[in-house]
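Listed below are the structures to be examined.
Next, two complexes with chain A in common: one pairs it with chain B, the other with chain C.
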Partner chain A sequence: MPPKCLTFVLNDPPYESARSTTALRLLDAAIRRGYDVNVFAYEGAVGLACASQMQHANPIHGRDAASEDHPNPKDWIAALQVLARQCSVRLDWLNCGQCSDERGVAEAIPGVRRGSPADLWAFVRASVNTLVIPTS
Partner chain B sequence: MAGYVLIAARDPWDGPEQEQVFELAGSLAKERDSVSIYLTENGVLAARAGGGERWLAPLISRGVSVFADPFALAERGISDDRIVSGVVTAPIEHLVDLLAEGQSGLWF
Partner chain C sequence: MTKRILQILTRGYRGTLEEQDDQVLWLTHMLHNNGADTDVLLRGTASNYVVRGQDASGLYFGDRAQTQPPDIANEIRALIRKGVHVFVVGEELRARGIRRNETLEDVSYVALAELPALLRGYDQVWQW
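Let's turn to the complex of A and B:
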């Protein structure tokens, strides 16, 4: 019997809101529970998986980039991809293509695809439930 | 008929708009068998004993299940023994399970 599938719609850009962290916690929990997971990223959320995110130093506190070890969400998403493979479930992450173009963040990490509202509709139809996490 | 899980992520003291989730939960509880509230992020501030009863006690007495994210509680220094009576701490996996059961999720 194939696993149940849940779809999550994200809207918040990285670093701006606790919603991004909560969303990643939900995805992690759903994957560990054995559910297939679809993610459709709209608006600023297309930046979560941007491949060109970089760490930086913190000269105010005298830390170089390595010791500052600033988190980049793309690495957390990559970790979720690994987790999904380990749990033998599917994590399918789509970025809204137009939202990506508008924001110049078309280059996403491997495994994150470009999509459209038609893909979101396909996600919803294939899922037992869909949760939209709106911006404020 | 499937129920609802309302995800309250905002500080209810932040303004009257933030209380709408509780009003909606009360209205839905009259119509549906299963209405839950999942408090997370700053929404767990409503779970503090001595403050959150105004919103949560009436809902709990009407059969609404109120859950609080222990991760969010710990982030805000709210211990389990200082939350509104009737609020149940439940990890975020529980929210996932409610969604997987088909409960309609609304994020506030």
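Let's turn to the complex of A and C:
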């Protein structure tokens, strides 16, 4: 029997709200429970998978970039992609194309693709449920 | 059977000048155009979207003027023309001092007490 599928709609950009991390934790949980997962990244969430994110040092912590090991959400998303393969489920991450263009964050990590609301509707039709995580 | 979706929009005017529309109403148009059966419930500050006569024109920085200001009321009229129900809560309008004769035609009014029944009529509820 094929896995059931869930769709998540994310809106928050990285580093602005705990919702971004919570959303990724929900994706992790869904993947580990054997769900195929669709993600439609809308508005600022298109920045989550931006390939040009970089780590930096932290002078307050007294750590260089390597030892600070500052999270870049793109790496968390890449780890979720690996997890999905290990769990034999699918993680399909789509960035809203127009949202990406207007924010200048069109370059995403491999495996993240560009899409439109038509793709979101296709996701929703194929899923047992959809969760929208709104921004503030 | 297609899913019926109610989209609840609670915060109005979030980035609408930059985006030149409301992002959730825009998405609703696009989903509807792609075959989705979806309606909208406006709550909170988004309730103000049904007020007639709003004018967001005139924004400029230096000599750079905005040429296509948002016209949220028109977006709502267009949704209604397409057959999308746009609901607003009567008590929330009254709390904001908005009279019915100040609002757009063909908006559907619901009372707070009617919301549970309204939501039960949909397969999914998306809270924005």
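Note that in this section the second predicted complex is superposed on the first by the 134 of 136 C-alpha atoms of A that agree within 3 Å, B and C clash if a C-alpha of one lies under 4 Å from a C-alpha of the other, contacts with A are read in each partner's own complex, and residues count from 1 in each chain.
The working rule: contacts are C-beta pairs under 8 Å (C-beta built on N, C-alpha and C of every residue); 3 or more make two chains touch, one makes a residue touch a chain.
Keep in mind it's a predicted model, so treat the numbers as computed, not measured.
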Joint occupancy of chain A by chain B and chain C, clash or fit: fit
Which of chain B and chain C A:Ala29 touches, first, second, both or neither: first
Which superposed partner A:Leu6 touches (first chain B, second chain C, both, neither): first
Which superposed partner A:Ala57 touches (first chain B, second chain C, both, neither): neither
First (chain B), second (chain C), both or neither touched by A:Pro134: both
First, second, both or neither for A:Ala18, with chain B first and chain C second: first
Computed vertex angle (chain A) for partners chain B and chain C, CA, steps of 10°: 60
Contacts of A:Arg125 with chain B and chain C, given as first, second, both or neither: second
Per-pair minimum CA distance [chain C against chain B, superposed on A] in Å: 5
Residues of chain A at both interfaces, chain B in one complex, chain C in the other: 129, 132, 134, 136
In the complex, chain B residues that touch chain A: 7, 9-10, 40-42, 71, 91-93, 95-97, 99-100, 102-105, 107
Contacting residues of chain C [partner chain A, same complex]: 2-3, 5, 11, 14-15, 19, 23, 27, 30-31, 34-36, 124, 126-128
Residue ranges of chain A touching chain B (in the complex, touch as defined): 4, 6, 18-19, 22, 25-26, 29-30, 32-33, 35, 128-129, 131-134, 136
Chain C-touching residues of chain A, taken from the complex the two chains share: 9, 11, 42-43, 102, 116-118, 120-121, 124-125, 129-130, 132, 134-136
